[in-house]
Every structure is written in C-alpha cells, then in structure tokens.
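Take a look at these structures.
Each of the next two complexes has subunit A plus one other chain: subunit B in the first, subunit C in the second.
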Partner chain A sequence: MQVLSYSGSQLVDLCSALLLLTCFAIVAQRRLSACVDLFALQSAFLVMTAALVAYLTGNQHLYIAAALTGVIKVIIIPRVLKKVIDRLNVKRELVMYVNVPAGLLICGGLVMLAFFISQPIIPLGFLLTRDSLAIALAIVLIGFFTMIARQKAVTQLVGFLVLENGLFLGATAATYGMPLIVELGVFFDVLIATLIAGIYTNRLQDAFDSVDTNQLTVLKE
Partner chain B sequence: MLEAIFLVVAQVTSLLAVSPFLVGLIRKVKARLQLRRGASVFQPYADLAKLFRKQPVISTTASWVFTATPYIVFASTLSAGLLVPTFISQTPMNFAGNIIALVYLLALGTFFLILAGLDAGSTFGGMGSSREAIVASLTEPAMILSIFAIALTNGSTNLSTIVQKTALLEGTVADPSPHLMALAALFIVALAETGRVPVDNPATHLELTMIHEAMVLEYSGRYLALLEWAAGLKLAVFLSLIANVFAPWGIATTVAPAAMMIGFLVYLAKTAALAVLIGVIECMFAKLRLFRVTDLLGVAFILGLLGLLFFYILRS
Partner chain C sequence: MLNLLWILLGSYVVGILLPLCLPRRPEVQSLAASAPAIVATSAGIVLGLLGITSSEPVTISLASTIPLLAFSIRIDPLAAFFVLTISLVGLAASIYAIGYVRHFDGRASVPVLGALFNGFLCSMTLVVLADNGIFFLIVWELMSLLSYFLVVTEHEKAEVRYAGLFYLIMTHVGTAFIILTFLILFYDSGAFSFEAFRHPKQPLPEGMRTFAFLMALIGFGTKAGIVPLHVWLPYAHPAAPSHISALMSGVMIKTAIYALIRVYFDFLGGQFPWWWGFVVLFLGATSALLGVMYALMEHDLKRLLAFHSVENIGIILLGIGAGMIFQSYGLKELAALGLLAGLYHTINHAMFKALLFLGAGSLLYATHARNIDEYGGLLRRMPWTGVFFLIGAVSISALPPTNGFVSEWLVFQSLFLSYQLPTVFLKLMLPIAAAILALTGVLALACFAKAFGISFLALPRSAHARHAEEVSAPMRVGMGLLAAFCLVLGVAPMVIVPLLDRVIAPLAGISIEEKVLAMDGWALAPVNVEFSSLSTPVLALLLTGLALLGWGLAVVFGGRLRTRHYKTWGCGINLTPRMEYTATGFVQPIKRVFSTVYQPTVKLETEFLHESRYFVKRRHFEFHIEPIFEKYLYNPLVAFFTTMADRLRVIQAGSLHLYLTYIFVTLILLLLLAV
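For the complex of A and B:
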C-alpha cells in the first residue's frame, strides 16, 4: 500500500466527519451505556481533531485543550455516567418522542440546515479548518435534538455533552480555539454540570423510581 | 472485438466460478468461529451439482412466473455482474450501462423473486415476499444515495471510469469523507441485499426469521440450483463492487496477461477478506427483529445522505 498523502485540511475534514458520524450513532442507539461509550468515542475524535489542528497551525494552547478534553470527556465524564447508569433500573430506552428512523431523518435535515446557514460565511474564511464550521453547527443542532427527543435524564445529559463537543469543534474551526483561560472555564463548567446532573439523576431515581423527565412536568406534594 | 469477447467470457466464468467459493468461505468461517469443523469451502459446488441433477417438483397452482423466475433472476444478476469491474478495470458491458443500471438489474431480480414467492400460493412464500419488499424498498434509496456520493466525487456514473480513476491514484482517495460514508452505507446495504445476518439469516428455515429462504421454499431441483447460484452471484457482485470502488489497488488497468494475472489474485484476496469479515459479523451479531431492520437501514440511508452532503460541505 502506498503512503497516504492527504493535505492537512482534508484530514481535519475527515476527523470532523467522524465526529458527526458518532452523533448519528448516538441518535440511533437505544442502550444507555452504549450512548455513553459513543460519546467517549466522539470525544476521542475531538481530541484527534484538536491535536491535528494544533500540529498544523502550531498553536500550543490547543494541545493543552486537547489533553484536557481527553482527560475530562474521554475518561472522567463517561465513568461518572456509567456509575449513574449502574444505579438505574433502566438499561435501554424503549419509548422515544421520535422513533429512530424519523429521528435520523430529522438529523439529516438538521445537517442540511446547518450547511445552508453556514454556506454564505464559509468562503469568507481563510483558515484551513473553515469547512468544519458547518459540521460543528450540525453537531450542536443534533445535540439539541437529542435533548428534546429523549425521555431519560442520562441520554438528555449525553445530548448536552454532544452539544458542548459541537461548540468546541466550532471554536476550533472558526478561530483555532478560544483563549486557554476561557477553555479552562468551559471544561470546569462541563465537568461540574455533569456531576450535578449525575447526582440529580440519582435523586430522580430515588424519588420517582424512574429517570423519566416527563414526571417532572407534574407538581407533586 | 476479440478482446471484448475475451473479457465477457473471462468475467462470466470468473464470477460463476468464484461465487460458490465465497458462500462456502463464509460458512467455513462461521463454523470455525463456533468451534465446529464445518463443511469444506468447496461444498457449495457439490450442492449445486447435486441440485442440477435432481428432478424439480412444481406446485400445480403455480403459473409461468414460477418457472421463469429462476432464469430471470440468474440472468439479471449475471448481467449486473458484467457491469462491475472484477479483476480488470474495463467492464465487458461498459457500453451498455452504468452504476444506476446495476442497481435496477439487481432490483429486477428481486422483483421477480417477490412475485415467485407469492405465485405458489404458500403462506411462507407470501410472508417472505412481503418482508423482502420491505427490505428492498429501504435498501434501494440508501444504495442510490451512496452511489451518487461516489459518482459525484469521481465525476462519473460509469463504474469502469470510477475504478480506473481511483486505481490510478495509487493508495489515496480523492475525497476521503464522502467515500468513507458511502463505504459504510454500501456495506450495510450489501448485508441486507444478500440476506446476511443482521437482516436475514441464510442458515435457518425457522418461519419467524426467514426472508430469502421463505421465498425460495417451494423451489427444488435445477430451479433451486439456479436461485442459489444467483444468490451467490449477488454476493460476489456486491463484494466486487465494494472491493473495487473503495480499494481498487492492484486491479489490472490494461489487458496485459501479467497485469490480469496479478489483478485476478488480488481480486480473489480482496473478496475473500470481505467474505471472512461477513462471516465474523454473522457470529458477532444477533439477527435484528424485523421491525428493527428499519433502524439499521435508516442508518444506511443517512450514511449515504451524509456522504452526499459531505461532498458539498467539505469542498475546500
């Protein structure tokens, strides 16, 4: 086999395409623990993308951001979520507001929407990551969709984390990453949010014997 | 002229000869992974020879569709095989059709198989036909979309041109992202269309699970042999398509004897590797419930769509 000789921007494109692919896998996946695994995989692709951009552009602080993503989103958050899932009496999501094929089609529509929104902006950019902007926007929209379409607290949380991954990719694509201090703050926020939501999910389980967030719409004595 | 005739003969014989081997190889891999010894990889040849010698039994309620179908299915699959490059990048029927003709030649066979399943009037056949219709109607859009993604990246719907172009790139792919999505979509489609495990189980005759086997349940003798051979051919066509569109390296690009010899060996190795992969997948995954098949094929459809979108999004 010959040596692969791709341009850097094509490799960045490929990595962000894989990120988007894992989004679709999360939308199609019913098992809670598999959703968490897919999120960890998606974060691993994000680490790859960030490290690749850091290598191609020489922005040192992106290496730190990539390493932090690796520690927090690939290792810590999935472990916390797995612990939460272990305590739950539900392993897979049987009822969704939108069934899987329809959800996939809607997400396909969201990708097209993201593409058409970002199409006028992209040619104005000159960064080698500019094509990833449309994909980042699509990931944010799919993260929103996951939060809306799922009933269980854990998968809603995964939707939130996917959204955050999209934002990180967007920042990397648009400006080669935010200033390090901002990124540190965001990482801390995400970690704390996940911990709080994890504890909250456990309380939900204890109070209602279910993590169905539908139950929260009714006030109860 | 002589060269064209040679190409047709070579491709027909190689497809006919290789397809039972691929079926046998998948069975062998499955058997070994389940700690069985399994039949020889050449068992399907013996099965076909046996079936061709047996006298067929035809239901008295069956019409001409029943007897015509095996020939139509066999002929349409074989002519689809002539549109796909196997060991040489020029296809024999290059002038007659492109990748879209390939899809619909295969669909013609499926259509007649569905009719034949209904024709004999048995309940199993009807059930198999109805299921096959579901699967076929869901795989077709996914296949067309992924094929369009490939056609767009190569600027042609002609399979010879596509393979030739990719082969000359020597190890790289012009547009990696659309290619990757189309590959994944086409692989799922191939599993569904050839009746492999997540969608159908070719090794069982249990009424709850069978799709393809239910449709051909009424067939016997040489008709069954033709249908089995056609099923093997369809597998060979899909594996050649995937191997040569996504990894055409090593394929003969000229009619020189040495290049063709290497091309044939590489072709055998590539399709055998894909067959082993399918065998492993059959052991690792359980068959999906029928109404979950739509989820899997929905994923294939979306992958094809993404491939198409990526071509436009990632056009830097």
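For the complex of A and C:
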C-alpha cells in the first residue's frame, strides 16, 4: 500500500508536470491553431491526471469529471476555436507585448513564485496529490500571464482556458476534486464563456477588421 | 398583539401584490391599493396603542442563515408610539389616495404607485419595529429606495429626475454614517441585535461613544433634514405625489428622530456629557430658524412646506436637545419633560404637515399649479379644502386651540426651566434658544398668513384658479381626519400625555404623568405647577366664548345686519387680480430685514415707450435668494469629488490588457503578502 501510494504520488506529479510543460509550449507558440492543439493536449493530460487520481483514491465522481473534461475541453472547445480561427484571416500572433524569450523567462519566474508561495502549505497536506498544488498555481499564473501578454482574442481565450485547467488541477490536488455539482457548474461556465468569446471575437473582427483586443481602447469615453 | 402584527404585515403584502394583478382600471386599482393599506394602518393604530400600554415589550425573532442577521421585531413603547404615528398618517393618506391617484392615470402607472405606497408604509413600520442592526439597515434602505421610486413617479420630467438623484445620493451618504454607527456599537458588543447594543460586554470607551454620537447625528440627521443636511427636502418633497410627500414629510423623516432617541437614550444608556445635548439643541435652533426663513421666500407651496419640515424637525430637536442636557446633569424630571415635548411635537407635526401636504395636493389636483401666485380666491370654490388647510396652517403657526401650540408651549417651558442648570453658559444658552424659537413661531405665522391669504382669499389670479372645483369625497375625508386629529391633540392633551409618558418613562427612568397633568388632567404643567400651567380645554372654551361674545355684541349693538352683496369698494376702479398683493410683495419687508441671510439679488428691468420715458411699457421684476449651503458647502464638495474622479481616470485607460495586469499584479502581491 505504501509503495502504491508512493508511486501513485510520483505518477500524479509526472502528469502535472506534463501539464506545466504544455503551458510553456503555449507561451512559446506563435501559431494560433497550434496553440489550440496544445491546449487540447494539455486538457488530455488533465483527463489523465484526474482519472489517475480517481483510480488511486476510488473517488467515483472524479471519473465523471474527467470524462466531461475529455468531451468538453479536448473535443468541443478546440473545435469551436478552430472554427473561429478558420473564419478569421489571422493565423499568427505577430506583435506581442512580451516577446517569446522574455515571456518564457517570466513564466519560469512565475513557477518559482508558485513553488515559493505553496512551500509552507504543502507539508501540511496528507493527500497523495499535494505536490501538484504548486504546479496548479503555476499553471493558473501562466494562464493569466498569457492573457496579458497576447493581443489576439483567440490566444487570450486560450490563456483563460489554461487558467481554468490550472484551477481544476488545483481543486483535484487540494481536495480530490470539488463536489460534482460544482464541477458541472464550472464546466457549463467554461463552455458558455468559450462560445461567448468566440462570438465576441467574430464581432470584433467585423467591427475593427482585427481581433486585437487593444483596439477596444477606442471605446473609452 | 402578534396577531395584529401579522394582520398588518399581511395586509401590506396584499396591498403590494393586489393592484399589480388587477386589470387596467385605475379606479379599481387605486381602491385595491388603498383598501389593504386602510386595514393595515387601522391594525397599526391598535397595535401602537396596545404596544404603548402593555407592560412588557413583545419580541419575535426569525433566525436567518446569514451570520449576524436575524429578522427580529420588538414592540416596546417607543416603537409602538412611532407605529401609531405612521399608521395615523398612513390611514389618512390611504383614504386620500383613493381620490388623488386618479389624476396620475396616463402620466404614471397607478398600480405601481399603489404597490410602492404599500411597500413604503410597510418598510417604515418595520424600521421602527426592527430589533437587529442588520435587519434595521435592510428595511431602512428599503424605505429609502421605495421613497426614491415614489419621488420619481413623474420621471419624464427632468427636474423630478434631478430631485430623485439628489435624494438618493443624500440618503445613501446618510446610510453610510448609520452603518458606521452600528459598527461602533457592534465593536464592543460583538452582535448586531439591539439587545446586545443595549448591554455591551464592556462599556464603550468615551472616544468611541462620542464618535458614535456624531456618526448617528450625521447619518440620521441627513434623513431628518437637519441644517445643513436638509438640502434634499425642498427638491424631493415637491417632486413626489402629494400623499407621498405627506408620508415622507410627516412620518419618514420622523423615523430618524426615532432612531436618534433609540441610539442616544437606549443604546448609549442616556449617559452623555452636556455638550452632546448642546450640539443637538444648537442644530435644532439653527434648523428651526433657517428652515422657516427659507420657507418664507418660497412661492411653490410644496417647497414651502418642505422647508417647514426642516423648521419643525428643528423644534423637535430643541425639545430633545434640552432633554439631553437635563439628562446629563441628572435632572430626570426635566429630561423627561424635554423628551415629552419633542415627541409630542413629533406626532403633532406628523398630523399637521401631512394635512398641509394633502391640502397642497388638493390645490394641485384642482388647479394643476404649484405656485401660490397662480391661486387666489379658492376659499369660495374649495371651501372644505380651505377650512382644512386653515386648520393645518393654524396648527403649524402654533396658535391655540390646535396641537402645534401645545407642543411648542411645552418646548418653551422646558427651555425656560434651564434656570435649574448649574452652569452659567447653559443658563444663558437655553433662553436664547427659546428666543430663537419665538422668532421662528412668528415667522411661521407670517409664512402661513402669506400661504393661506394668497391662495384662498381675494380674486383668482389665473384661469386655473377661476375654474377650480372642490375635490372628491375620499380626499376630503383624508384631510378631515387629520384636521380632527390636530384639534383633538390640541384641545385634549390629557389623551396623549399619559401615552407619551409611558414611552418616555423607560428612557428617562422616571414617570412625570402626574406632574405634567395638573388638576386631574385639565391643565398642563411643566413638571412644576407653580412655574406655569396651561389648560387647553379652558383656552378653547375661552376662544369660542370670545368669538361668540363678539358676534353677540355685534348683534346687540351693531347696526343693520341686513346682508347686501356688492363689489368691494375700489375707489371707483374695477378690481382686477393684478391689484392684489403678490406673495413676493408680501414677504418683501422680511426679505429686507434679513438680507444678510438671504443675500438677495434683485433685477428690475423697465421698458419705456419709444416716444417718451415718462410712460412705462413693461416692467420685469425678479429676485433670487442665495442658496448659501449649496453654494458654499455642497458645490465645493461636489467639485472636489469630480476632480478626484478625474484624477483617478488616469488608471482607467480602457485597455483590456491593462485591467488584466492590474488584477495580476494585485494577485501576485497578495500571494506574496500571504507568505
């Protein structure tokens, strides 16, 4: 049992680390469609993590959450985003507020920050997923950073979804997942947010001939 | 008693829902709103009387899932007295509304007006019954918001929207201070129930008590309309429909008086230094004098009445302030007398101010004009309204045999009794306050001589006034009810004084009923019969007797009593309304005397005939008085906040990325702080 727990904990950490790795890939990637693919990959890793935790702890409802993640974040949302990208004639992020090397450095800093912050908390935990908490926090911060650093609405949306993945991982890590009803609510929110943001991106394109959200400053009084 | 409470609340709920469910027939809808309100207010009157006379306060409490909040109600004599006041005025206003709201059909939604009316009455009743700080704040805000919606009933007019916004901002600023008061009280008691406020675990430090005193004074003073926080009244009261103005001016501002007494005498235990009372007294005197002076210069009848509310709140505060001063020197009987005078004036003002607002509403209904220079000669066309308005005017001018006289007499007496105070300063100050009150009374009389004379006497000054007709029966009943209360409270104080005494006894810790009601209740005395006494029934008999005597003498010794109808002698010239005294002309001497306060700007433009300057073609006269408080206090404040807001706009760049960065940086900083 001890061995299983130990190796299980290692496996969970590995999956979490893969999630974090895809984050860095998203930050480094300029092509929009590749970003979406990377997000789908990250979500797949999340499904793996959730399923693993469900298997190791015997929490049945986490299977359902994992399955829903699979359906919504690996299949539906990437499809919606791909459609949006197809409709726009923008394929690449040309101008960024922060260039790729600097962005990667900042993300490295954010990961360190996340570990630094969660250092006092982790030893207090007794769950086998406790180490993932720092990683989850790092993913949240990187997702947030992506929203700030990118100009195109689609990549900002990807940043938001990454942030949400981080939150899901955090919930799984800290408490073996939230109650099912909360998870369902969150999934619904994310799906709706994506749909709305997709429509919003199209409207942005129609109004400004661009999906740069910094065009929105002209709306100021 | 609880059954009555459920009837009261249930009727209000019915009154809120029923008019909204009925088909679009204004007469039916207004009846559907008024009938439940009549039931509820009648229940309220009985509940109030029972609450005052019952020996133990009744409490009920419904717990809630929200921490610190409980929907608890406590009917003690003080609360019951205000329920009684609210219900009496509410009853008259509900009857009046049956006839009055008809003229809103087409201009505003009658069912919504009816539903809001019921909700407003209900929230006011709950404000005085609430026994939990948070519950109090909820119903207090509800009362403010509902009255805001009622003020903006005619929201298509720009000035009504402005008035509403002004009121909303002022009342919210006031609520902020009230929340501070409660937080201070919460600080040491650790709970929001009023019981905990009354008995904190350890007594509040002196500094905190002073802070609570000032915060409560500003917060509730805003609602009461104490100078200089009164500026919203002359905007909001005229903008609202008249039966709502009657409620707002008659009772809503009194809830603030209730709350002040509750905080000072109940929560803070009536233990305070003398200067608290002096501050209240000073503000009362200032409000009374400035209120009536500004009222004199108003020719819009409802604005005039709104300024008189400021005056009367001042008179109430004079009584309460004197009571507080006596209380801090341990003169319990006199403290009780001051409070009694204040509360007596509270119910009196509720009656006559509501009556006057309903009267103003009737004039508005009949003539569609608010400026008294467009009235004139209405006594002949609207005799009932005229008589009721006259009774209200006599009451507010504090003339016997009406109720205003009795309560102002009591306020005077409590101020004169200051010779028993130990300090010279206060011995000097209280009589000065009495002198100010005397000046106030005189000016109020001048003001209502103007308001009544210009509106009801002489010839009609406009086509509106010429074609005015007497208002419908429900409106007359509503006014008549209040006029009757005014007379009863004036002639028979022995009806109300025992009730008031029961209200005050727990607060002042002493019962003064026997000492105030001298000679088996046939005379009033300010605690000490040797000092002075007043018998209102005798006074009323004397006045009636004198009038009859005069008439009798005229019959016996006068010449012909044959009536001859003829035009007023005008030196051979035909009389026209243009020859009449105008309201502006009437107040001209007073304006001259007090020009330091008014700082009037007068503009006279004369247009001469082209041929000769000896012949005047047209003259145009206008004058304005300086709105001192708005100019020197509120405008600078507004300018300051606008400047600050402009400065803050720098960070509002409108960029999505910038906003995200703000959130991100805040998050990181907070996380770092947490470690």
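Just so we're on the same page, the second predicted complex is superposed on the first by the 213 of 221 C-alpha atoms of A that agree within 3 Å, B and C clash if a C-alpha of one lies under 4 Å from a C-alpha of the other, contacts with A are read in each partner's own complex, and residues count from 1 in each chain.
By definition in this document, contacts are C-beta pairs under 8 Å (C-beta built on N, C-alpha and C of every residue); 3 or more make two chains touch, one makes a residue touch a chain.
Small disclaimer: the values here were computed from a predicted structure and weren't measured.
With subunit A as the common reference, the superposed partners subunit B and subunit C fit together side by side. Contacts of A:I135 after superposition on the shared chain: subunit B is touched, whereas subunit C is not. Measured by the number of subunit A residues touched, the leading partner among subunit B and subunit C is B.
When the two complexes are laid over each other on chain A, the CA centres of subunit B and subunit C sit 150 degrees apart as seen from the CA centre of subunit A, to the nearest 10.
By the touch criterion defined above, A:F145 lies against subunit C but remains apart from subunit B after alignment on the C-alpha atoms of chain A.
Of the two partner chains placed by superposition, only subunit C is touched by A:P120; subunit B is not.
Contact with neither subunit B nor subunit C is seen for A:F188 once the two complexes are overlaid on the shared chain. Legend: residue contacts after superposition of the two complexes on their common chain; A:P101 is shown touching subunit B, with no touch to subunit C.
Between subunit B and subunit C, the smallest C-alpha to C-alpha distance in the superposed model amounts to 17 Å. Taken together, the two structures place no residue of subunit A in contact with subunit B in one case and with subunit C in the other. Contact residues of subunit B toward subunit A in the complex are 170-172, 176-177, 180-181, 184, 249, 294-295, 298-299, 301-303, 305-306, 309-310, 312-316. Subunit A meets subunit B in the complex at residues 1-6, 9-10, 13-14, 17-18, 20-21, 24-25, 28, 100-101, 104-105, 107-108, 111-112, 115, 128, 130-131, 134-135.
Taken together, the subunit C residues at the contact with subunit A in this complex read 652-657, 660-661, 663-664, 667-668, 671-672, 674-675.
Residues 97, 113, 116-117, 119-120, 141, 144-145, 147-148, 151, 156, 213-214, 216-217, 219-220 of subunit A touch subunit C in their complex.
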